[in-house]
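Some structures to go through are shown next.
Here come two complexes built around subunit A, the first alongside subunit B, the second alongside subunit C.
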Partner chain A sequence: MPEQIIFKREEDMPYLPITFGSMAWNKTGTWRYLRPKFENKISPCIEGCPAGQDIEGAMVLIGKGKILQAWDLFKEENPFPAVCGRVCFHPCESSCNRGEFDEAVSINALERFMADMASRHGRKPLGKREKRKEKAAIVGSGPAGLTCAYHLARLGYGVTVFEALPVLGGMLRVGIPEYRLPKKVLEEEIDQILELGVKAEVNVRLGKDFLMNDLKEYQAIFLAMGNHQSKSLGIPGEDTQGIMSGLEFLKNVNLGKAVALGKRVAVIGGGNTAIDAARSVLRLGSKPFILYRRTREEMPAFLGEILEAEEEGIEISYLVSPVRVIAENGKVSRLECLKNRLGPADEDGRRRPVEIKGSNFFLEVDQVIAAIGEEADLSPLPKKLGLKENAVLTDERGATRQKGVFAGGDIIQQPRTVVHAIGSGKRAAIFIDCFLKKKKWEGLFEAIRIGEQGTLSMKRYLQAENERASLSSKTVRLKDLNLDYFDYKKRKKMPKTQVAKRVGSFEEVNQGYAEETAVAEAKRCFNCGVCNLCDNCYIYCPDVAILKQGEDGPNVIDYDHCKGCGICVEECPRDAMVMEEERR
Partner chain B sequence: MYERRELMYAGHQACAGCGATMSMRYALKALGEKTILVIPACCWSVLAGPFPYSALQVPVIHTAFETGASTASGIKAGLEMRGDTETTVAAWVGDGGTFDIGIQALSGAAERNDDIMYFCYDNEAYMNTGIQRSSATPFGTWTTTTPANHPKGQPKKNMMEIMAAHRIPYAATCTVAFPEDMMRKISKAKAIRGTRFIHIYSPCPTGWKAPSSLSVKIARLAVHTKIFPLYEVEGGERYNINVDPKNLPVDEYLRLQGRFAHLTDDEVHTTQETVDREWERLVKKALD
Partner chain C sequence: MKKIMVGNHAVSWGVMLSRAEVISAYPITPQTTIVEELSVLCADGRLKAKFIPVESEHSAMACCVGAAAAGVRTFTATSGQGLALMHEMLHWASGARLPIVMATVNRALGSPWNIWGEQTDSLSQRDTGWLQLYCESNQEVLDTVIQAFKIAEEISLPVMLNLDAFFLSHTAEPVEIPEQSLVDDFLPPYQPEFRLDPKNPHSFGCMTPPEYYMEFRYKIQQSMLQGKAVAQQVDDAFGRVFGRKYGLIEPYRCEGADLILITSGAIASTARVVVDNLREKGRKVGMVKVRLFRPFPKDELLEILRQVEKVAVVDRNVSFGVGGIFAHEMRAALCNEKVRPAIFSYIAGLGGRDVTPPVLNDVIYQTYKRQEPEAQSVWVGMRS
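== the complex of A and B ==
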């Protein structure tokens, strides 16, 4: 920094007043009473993703064409981006600030795009860290079990997965049909988990082929058996030939077994299983129709699925309940039904169906598929784990009451979705690691939690305490953004296979983005709360006090000269800066 | 253009949030090193720093209040005598020095079409001497010479039309909220010969009684309320509007600034009407 210039003698003075030095010695930073600071905050999409994927970070990378690096970020948290990119109900998008502005960023389609690109390039997830001697057993190979296996293997543990069915993947493999999630896509992501050294034993059922006590050689156990017992209709004639549960039907189709259906197939229920069953029936050449006891408003299936079913011409009758199965020659021939009206709301807030007396009518059917819900079979588990209302009780770590036994996915009390299952698998891996290393876990939540909805970051967990960037507890909302910097832009749609082609085959319905479309869509992201080096602070600083450090930043503040005017904070489009009172 | 060398350094003496310094920074990025600045009495005489220092990395000549344009004309003539046709000579003058006391020198230079650039950074009053009204101060404004119970009764003088009437090759308006637009216009003007006039709307948090953090926001609102449209005039007659205003009500702009706090609804209404009328006139010229 140039010093102040002092003329000692008259002869040193120039003839005319001319400049000898800059003003840099003038530390105008001393005028400041407010201090700007860069401070990244929480993007609502990441908080909204139960798998805790760094969505905002990935959007920046995709926008720059660095698709594979974006995939690496996702894969750090979740072994299943290709699966989620197809079947997740994307709560991230419901939290996206852009949704309130025009339309949410198409995060789910971009997740799929990244994963498909990684697959084409044969990209693999990062391998394991130091090898550890402890071993963990995982019961159930659905998304919860396999996610836990993936993270534990990467943490260096020996992992064995025990699966009752002959195939791995749980509902992803035997529930969700091929036209939504091709087996090839699922298998590739499962193979990547096995390549980390995870062992899998199939055709072994806890409670039948082995007991909890047989797992003594494992220092930790993760239970994730999902909900595989179908609820029964509870109406007369239910065990007639020609009546099948939705899950059994989908399992058979997904395992490639022949299923004889007949022409007219009644599918009963309004959840994902019902819709998947009906759409599979259609693809097998029969005519499905759905009977649901409430209205479309109350249907638990994802809206996108309902819309696609309607597109394919599947008829859905609302406010209808079956009351009796009528057989002819030992086989179902007619279904007696009643009409309902909506009554007052249930505990879950959905309006309850009330039967209308005397409204009975009959439907001709060749087959009935009952898809009115699934529940867990907890009979192989000891009571002392803590069981309640068909669920395993867990604490905030996912631990049961038995030391070293954790649980996750559909058998614990949480929403029954793939991404919640994945989140619970990751959480269990983190706290199994703490348990095995006898690490204190109280206080850890504050350091690795992203926002208030229970989302955890594996990346932050793996960082040493001193390399973890301090994380603001503030989630950025639309009102925090400077909207002068954003223009309305329509969300890009994913192409779909034509309905005519869909009906006759199990070909995938959604076709991914082209690269150009993906890059443009990722650029719609506001990058809420995270500096993306847009350089507004640098551009507008009246005191040239924001300094750039090469292409990848970060920008830094020259506090010797910053006067604290606050323009940078005001003009930051994404709330990645804050103003603090100057401590003197 | 942003990545060009900084020719304005930190350590200058401006108030926090000063729009005049942002204007200078962008202008110098666009003009480059081969520039001589002429600065008559105004805030910038002080901001650059006292002898023997300067926050500007180009030669600066400080001169008397009314002589911005004439000093620039003289320096240009001197350079030409020495065979230097390359160096840009730019007068950098406040609104008082342009709209009021310096208008005679400026009109003279424009009439001769002297080969100079003339920048008026307009903070809508005599700020350096303590916020006295100038003919650039808008209708209804509080200043120390037009107190709130007797605010300015006349509208802002339209300096751009006066300059266009001289049929100079280039005149343009710009402001700190649109730095790319500003740098593009200054670069374009730099390549033209003759008198070029650049009118820069430069928020002054101190004189406008506004939070220092809002300087850019206020400038952006000035454009989107049509109070300060961004346009250029070539040859004194070809008008071209550069930024489509969002057509926001003037109140959104006025209410951020203490200098307008006393305005009655009627006065806000009058301002809106004047702004709409002026905008229509401008659009008509742009369509011609």
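== the complex of A and C ==
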């Protein structure tokens, strides 16, 4: 501070009250006792995505028309955006704050849009890192196995995938019908994985063609054989000709084998396999009808699929259980059924069906497709891995009890969805990398997990510890947003093939967004918790203490002059700023 | 060049000719067309100024304070309630010694709502350290804007010029538009001694303790008093260049008068007609228009009024509990004089009511009739 001047007389004083010395020493930021801070938080969609994709980041990019860059962002975490953009049950959308405001952002449709765009442009995933000498074996080429292979290959490892079936893709290839996931779409994404140097052997089944012990040359193993064994109905006459499992039916259709169906086809079950089977039957020219033992409320199939089946005129009978198959001339002719009522809730919360005695009735059928669930065939696996209730036991890393052996997908205890399988494949790749590099993994979860509930981020894993931006553990909810800045806007609908054209054809039902629709839809995103340079802070700061740094930011705070009024934080639409106590 | 224009546009054109550099204002009837015209002049480039729209009159004055502190010529305009909202910042402008010029279109204050002419709004601001000038015609309005900037910058105090709502603001008259080059010579660019500059930061209006505060107040008072002489010099100089001058006060036919009517603003025009008629009838009546209200031109008034017995002050304003404000100021100014006229106070024309020749005749008649002034202001032109 400059030396004090004492005025002796009125005439010596200036005519206006002004300091003679420079005030440059007095940075007015010293008046502050709270300071604002830019702090990105967790968007609920990302936390809700079991594959841990940076959905919010992709929405910003699509909104700016940078669609291929958005795809890169997704591809960093998940090798299957084209697949997920078609078949994922999109828990991201259920988590979307916009859902509580008007309608969730159509993330799933946008994921497909960017994947289709990347395909049209022949975009390839970003290259891999330096080559490493260690090798990993992956058993099973479904979404879990191929995701693990993709990430390990990008981390530089030599990877070999062993597949029991003649084709790669697991359930994606043989379990999901063409009209939901065209083969060429799947093949393109699988090819991109193989192009990274992943070797694949088909027609080799664990336990039949090779054993765990044969994989000694691999330093790490990832088991992801999936649930390819159908549960049996457990009723008399089940082995009659004209009865097959849903999975077997779909597999045959998907592999292009001729499937002889009669006219009337009963599909038993309420899961996605049952719906897929019934809709495939319809496309093969027969008449399907679904029998489900509980009501629509308890159906495990995704609602969208049920709605599309209903649109297509597929009849679904609820509260019906088959009790006996009646054969004529050695071939199924009738199905004896019982009616049910709903009893008390099961351990999973769904109400249990209770048979009504004497309610028996008969249905004329030419074919029965039983789709009441699938399970894993764990017989080739040694007990020492840790097996329980038809699942392989794993720790939080996805590691089994046998050193260097990891597991994922439907054979471990987690929800049986494509996106959970992908998440488990990525997790295994990360911890196989830690295992092979003998890296400590304690504390890693906190550093690379997105939110308290969320899954792991490969992008964060690949960043050096010191370049990882600190990640808030707070997930932004609707109440955290400043809704004054958002307008109500309807969610954009995706065009679909007309129902009349769907029957008798395996043409893809969903047709995808046009580019302008996609951009508009992406702009509906609130960008919860993440600064998108909307510049509200810059506009509102009374002290001009928000400094802009070019078009791509980030905005920074001039703490020399910020007085801590908090207007920037208050007016941030998306909870990307916080106030914290001034450190003295 | 002569143009037919309303008083509000005369303000805008005066501002344009003065080459104001920052204008910040908030619209309010009856001031709106001043800033409307200014925004047009700024938009089409005839006036190269930054026009800052704001959310309130308080902010408008705050903007002017900032701009003037940064060393640019600054203007705003308001009216009635808007001026009242600006009050806090008016003190700041004078205390910070900023030569801001503001036009106030005198409007009655609510409640009850009224948008018409009355001076109570500006007179309520008489203690804020602003010079105040009251205009009679649209020509005087335009000329006074130019004079106001020169006075303000000379003594580093803000100046408010006042015009009657609708009687001047919305009434068209022929106005002579001065040559820009002459105005530029008369009013060169503003060159302040101190300038707000982020590269060389000083604290303006910093915390000033009791040991120093009073001296700053004293300097304002000195400058305000000096402002009278400066206003006179500026008016004289203006007269030499442009051929029009108005004085601090204007005596009209006061020679040998036994009664002088005192008023201000547009009422003065009516008073001239009334005085002419009475003079024709042989009455020795004169009129003084008070143009400068702050600082109060006591000496100039005394010079004229010393000779007369009776003075009738017509106020289009009221200070409740006292009465007419000009009359009150007159009494205060003259109370220490040994020889002084009796001051008769009248209140007329509040809320835009017409002050017609019969009303002024009534004022003169009553003043002649009474020996002594009433204790309180007499309200004239009332419904009866």
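In this text, the second predicted complex is superposed on the first by the 557 of 584 C-alpha atoms of A that agree within 3 Å, B and C clash if a C-alpha of one lies under 4 Å from a C-alpha of the other, contacts with A are read in each partner's own complex, and residues count from 1 in each chain.
FYI, contacts are C-beta pairs under 8 Å (C-beta built on N, C-alpha and C of every residue); 3 or more make two chains touch, one makes a residue touch a chain.
Computed from a predicted model, the values in this text were never measured in an experiment.
Trainee: Once chain A of both complexes is superposed, is A:Asp484 in touch with subunit B (first), subunit C (second), both, or neither?
Mentor: first
Trainee: Considering only touches as defined above, state whether A:Phe361 meets subunit B (first), subunit C (second), both or neither.
Mentor: neither
Trainee: Is A:Glu571 in contact with subunit B, with subunit C, with both, or with neither (first, second, both, neither)?
Mentor: Only subunit B; A:Glu571 stays clear of subunit C.
Trainee: Report for A:Tyr538: first if it touches subunit B alone, second if subunit C alone, otherwise both or neither.
Mentor: A:Tyr538 contacts subunit B only, not subunit C.
Trainee: Touch check for A:Phe445: first (subunit B), second (subunit C), both, or neither?
Mentor: A:Phe445 sits against neither subunit B nor subunit C.
Trainee: Touching A:Lys563 in the superposition: subunit B (first), subunit C (second), both, neither?
Mentor: In the superposition, A:Lys563 touches subunit B alone.
Trainee: Using the touch definition from the top, say if A:Ala24 reaches subunit B (first), subunit C (second), both or neither.
Mentor: both
Trainee: Who touches more of subunit A, subunit B or subunit C?
Mentor: B
Trainee: If we overlay the two complexes on their shared chain A, which of subunit B and subunit C does A:Glu10 touch? Say first, second, both or neither.
Mentor: second
Trainee: Which residues of subunit A are in contact with subunit B in one complex and with subunit C in the other?
Mentor: Shared contact residues on subunit A: 7, 14, 17-24, 26.
Trainee: Can you tell me which positions in subunit A touch subunit C when the two form their complex?
Mentor: Those residues of subunit A that touch subunit C are 7, 10, 13-24, 26.
Trainee: Over in the complex, which subunit C residues touch subunit A? Could you list them?
Mentor: Listed in rising order, the residues of subunit C that touch subunit A are 95-97, 156, 193-194, 200-206, 208, 212, 215-216, 218-219, 223.
Trainee: Which residues of subunit B touch subunit A in their complex?
Mentor: Checking each residue of subunit B against subunit A gives 2, 6, 8-19, 21-22, 25, 48-49, 51-55, 57, 60, 176, 179, 205, 211-217, 220.
Trainee: Can you list the residues on subunit A that touch subunit B in the complex?
Mentor: 5, 7, 14, 17-28, 31-32, 484, 535, 538-540, 542-545, 558, 560-561, 563-567, 569-571, 579
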